[in-house]
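Order of writing sets the chain letters: A, B, C, D, E and F. Residues in each chain are counted from 1.
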């Protein structure tokens, strides 16, 4: 009898964040047989679609539609499920109803880990809010008295993926994920984001830098070759049987 | 063909620190087939032998001798190698010669990880100094131009074990080690420390509290039973292939 | 002519928090002739009543009722007044009306100090929210233009009592309260919490550890015997006439 | 053809904050030909008008009216525009409508920089909220999809002016502004605040202390004479062509 | 039978520091019957005697002599004992011999508390070094094995007095001492420092600002009048029997 | 009459650090007519010359000689003066004599600013030590009583240039320098470092990332084009006449 498929949850404030910041983790786990679900809280239609808005006669619906198609294409390449909750952005607002919907997601999916944004970002208020909701919903999903009878959630670790200007965001990576083997897929997913072409090479360079640093952190004498990596800030302690 | 035995290094400012703070990790890894070497930089003869000094006509030599026998007995129970460098305590001082001796140890032992004290401790200046030496020696051991021709060191992770008053020491645990299976041995090793009997129950309670917390961090729904744990602050990032 | 009775205010997110975290302070001050009022913002009915929810056919009303009876019994043992505001938990939400009700409490009670939760807690979002309300209401109660004519509040110090995993909560104790003489009462109050028996020994060990630390902070040469203590993080400066 | 007039924006939680904390910056830039607009989110009618409330038969309307006249007089002396949004204080609350009104202000004014409160203040919850709104509105004003067609905002630096008890507010000055030449005007503006006379000398001393510190930071060998200064915490990086 | 006289220890890097930063505490405790001993590690002859060095034909001996006479006069006014250890400044260096001399002082004096500099100061490296020595010597003085037979030290609290630019020094006051009643004496002591006349009013303003803040922290409704205060950062927890 | 040539000082722990981390700043200021002096405290012969040590029969002298020639060539391209103090590396040690030599340099050169390493770096202990010496020597150079009669130093700002893994080093950039116009020269200087070819593209990517971030911090509406930048952490406050 096979063990059940492991799952992971990615909570993305805008529809492209998951690609730049966690595309490698998503597809690496898919490749290892996991189911990964991405929730895009908004399309990033106001704040992260500058190029589209420079097209004459652009409308909000067309922006959202374009963003959705790009994100869907990226998710398909990465092999992940994706949901679009269309909560609007700049500013993103999270009602208690949305929070409970996230709780339901946690309880249904029972993820092994959850990825979301940094807890602080002076350049972007939607990102920390998404992370806050990811954390609060996780706590509610653990409460036996919330919808009693449902299967409660365990304690999946929470990771903050990389923000745009790390040092301004009190974000310090403590976990590097080797994504060398899946880099090509991540780059393909990145290239789905036609409206943010200026970021393609930016995040390629991020992956290369993190690759060098990951290699440095296992030591130059280590045999493992790492060229591309993603960096994460794990927010919850690790429990191990071997250091 | 068998793989070579893995090794770990424990750098202890005084001769009993390794027992309270890392006894579980030491014996757990020994049980898993590792070689663990403990270096006691001093005997803690001045600052951590209060009870002995209250014995009439006590001398420095007798204090050191007693402390060495206690620590040796504890190491034997844990299954670890132990060295006594007798550098004196309160204050501990680390010369460059001592530093290079530590470098040699790193290079010869090639440990997979190293354990030492917290980086800050307003109640104890010997502890952070030991950690500083552990870190600086690790860096020197990585330098190709230090004793060229020797095998250089990789990048073993550095963990700070638990200080006495964690919150005053800027010490935040990010790694919990389950020591339930080896707790009895740790307690036996603790009981070798005849001169510090007031700490036996203190560190037993520490292990129980960390056990509860470890269990909480894997989730109450997890099947793994954890009763005793040790907490560590990992100072260097983790490089992984799965989150 | 006697001086007026001194008062203190305890703001507890859930109905058992005040017992684990401040039971010693409450009863110690009651013993010294103070009036102590506890406000339980919620019963902790969803998030901190796991054991009750495992009873077949449990209902929300029965959980709340049980929790209220347990907390009332504990308050009676400690000798404190207790109010149940039943605001619901997981998530706790504080409306401005609740805030103004807290302001009224401050103004009527005129407490010498206030106790509430840590300002940060990644495992629990209700706790920091309760502290935030405690602080904001205190500020509003100082404003001359809020309900002009009422007696305004002075500047009672605010203390954060001990969270479950201190080091993850940016909580650093700067004040230890000796509770040796009242420990028996605190333990009796703890044992009222039938639904959380797994925490009885946990918080007994906390009190013992804090006792050892308190003793260490007055010095082993001090004559005062301390066996049990509670630790607090005072958030506001102390004004003294002698250091 | 002359270059367009430069502008600056000051967001003040209560109607007197801009005087104590930024009066020198305001009038110094006015003197250099800038247009400076001050937005008073509230009159500080409840929390910062203690003296007025001690006048018999005082009413809310009279307090607000007095506060407005004082602030208007101060703004006139400083040469700045001033708006009173009358959002009420203690507690100040910022709706999304208010936020969008701030966005409109940013877009219309296109300020070169914005001044507001410290991000933290345990003694005052209105102040950090005003700063939070100043930052969030700035971000929204940069979003191409917010009211498409309007001229978007660039990236004006954000400065936190000096809170009352700096060290309790996580506020560290990284920028000193020499206000020696405009000090007389600032003091005149300060003296408009009849209701807070106890603060006149307090903030005069602040200016003198900051003057000494500014002088110290350019070096005692520097020729520039500085007697009065204002201190600011710049929150966003500086981009330069010369260090 | 009277209780023994209480004592306090002040460790000052340069010969004038104790006046500006702790003059009020010193004389307030003397007035309450304490013995206060000041140790001036250096005269501040190189780094804090600028005015003297501008006198033609000045020599090192004359600078030291002048500084000693000024500091002695100040100590006499404050009613304290003073020792000059003449260790030289800019840079101050602390040998182990000096450390042991400090240990002897602690053991002989058995102070109830110790005052020294802030732990960090980017403008002054002698100050943090003095504090470091104050802390390390205190720890050594507690060690039973250091000069066994001597009476060991208890655990006197350590306070960091106010540095020149507090916010740059990670210094946050948590204790305000009311010095209103002794202000005149402190000002007289300040005026002994003929070579640093530019600081007389600077530190008078510091005392006034801290007075306003102290008053604010006890509440405007409190009856106690406070005009002048000194601020301290207590580094070690307080142990109390009443909050 | 022309104003005197402005000068800047760069203090580099190892002989290549100045190229990767400050090459753009050096040549940009040289281009603007400044004199820039680089001090290489060591050659980085042990810890940063891995490739050279893999050459058969390599000697310490040949490593140092190669490193000196590379650094000299780079300095020539950048147009800067360079000095090699040959203090040895891994570990670097700074004696008081070296410190006084640095003081002499400050006093002779009278730099407008000084560049050195980050204050913290868990991967490299030589780097923070170099910065510490840079700061302490700067303070000593300001002391009137150090070599009285010499012209004392003013208060040149201190900048920490970019370490290898910024987030692990408590290094947060607050100043971006546009180096677009001088990038070609920096890249040429980089290519002089034959022994560290693996870093050429790493630091080219750093410059591109910082360029994107600098552009973002002036706003996408700004006309200035920035492609390459260097990031700095300014440690001392800025004193300005306009915000």
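Please note the rule applied: contacts are C-beta pairs under 8 Å (C-beta built on N, C-alpha and C of every residue); 3 or more make two chains touch, one makes a residue touch a chain.
Chain by chain, the UniProt names read as follows: A, B, C, D, E, F = 4-oxalmesaconate hydratase.
Computed from a prediction, not measured in an experiment: that's the story for all the values here.
*Asks:* On the document's contact criterion, could you list the chains that touch chain C (4-oxalmesaconate hydratase) and likewise touch chain D (4-oxalmesaconate hydratase)?
*Replies:* Touching chain C (4-oxalmesaconate hydratase) and chain D (4-oxalmesaconate hydratase) alike, sorted by label: A, E.
*Asks:* Is the contact between copies chain E (4-oxalmesaconate hydratase) and chain F (4-oxalmesaconate hydratase) built from the same residues on both sides or from different ones, judged by whether over half of the numbers are shared?
*Replies:* Both copies touch with mostly different residues.
*Asks:* In degrees and to the nearest 5, what turn takes the CA positions of chain B (4-oxalmesaconate hydratase) onto those of chain F (4-oxalmesaconate hydratase)?
*Replies:* The C-alpha superposition of chain B (4-oxalmesaconate hydratase) onto chain F (4-oxalmesaconate hydratase) needs 120 degrees.
*Asks:* More than half of C-D's contact pairs recur, by residue number, in one of A-B, A-D or B-C. Which one?
*Replies:* Checking each pair in A-B, A-D or B-C, only one repeats C-D, namely A-D.
*Asks:* Averaging only over C-alpha atoms, locate the centres of chain C (4-oxalmesaconate hydratase) and chain F (4-oxalmesaconate hydratase) and give their separation in whole Å.
*Replies:* One centre to the other, that is 53 Å.
*Asks:* What whole-Å value do you get for the distance between chain C (4-oxalmesaconate hydratase) and chain E (4-oxalmesaconate hydratase) if each is reduced to the mean of its CA atoms?
*Replies:* 37
*Asks:* Could you tell me which residues belong to chain F (4-oxalmesaconate hydratase) and also touch two or more other chains?
*Replies:* Expected reply: 50, 123, 142, 168, 173, 213, 216, 220, 236-237.
*Asks:* Mind giving me all the chain pairs that touch?
*Replies:* A-B, A-C, A-D, A-F, B-C, B-E, B-F, C-D, C-E, D-E, D-F, E-F
*Asks:* With touch defined as at the start, can you tell me which chain D (4-oxalmesaconate hydratase) residues reach chain F (4-oxalmesaconate hydratase) in the complex?
*Replies:* Touch residues, chain D (4-oxalmesaconate hydratase) against chain F (4-oxalmesaconate hydratase): 8, 25, 28-29, 32, 113, 115, 142, 152-157, 159, 173-178, 213-214, 216-222, 226, 229, 231-232, 234, 236-243.
*Asks:* Which stretch or stretches of chain C (4-oxalmesaconate hydratase) touch chain B (4-oxalmesaconate hydratase) in the complex?
*Replies:* The touching residues are 50, 123, 164-168, 171-173, 201-202, 205-206, 208-209, 212-213, 216, 220.
*Asks:* Can you tell me which positions in chain A (4-oxalmesaconate hydratase) touch chain D (4-oxalmesaconate hydratase) when the two form their complex?
*Replies:* Residues 45-47, 49-50, 53-54, 58, 60, 63, 89-91, 93, 122-125, 168 of chain A (4-oxalmesaconate hydratase) touch chain D (4-oxalmesaconate hydratase) in their complex.
*Asks:* For the complex, give me every residue of chain B (4-oxalmesaconate hydratase) touching chain F (4-oxalmesaconate hydratase).
*Replies:* 96, 99, 135-136, 139-140, 142-146, 148, 235-237
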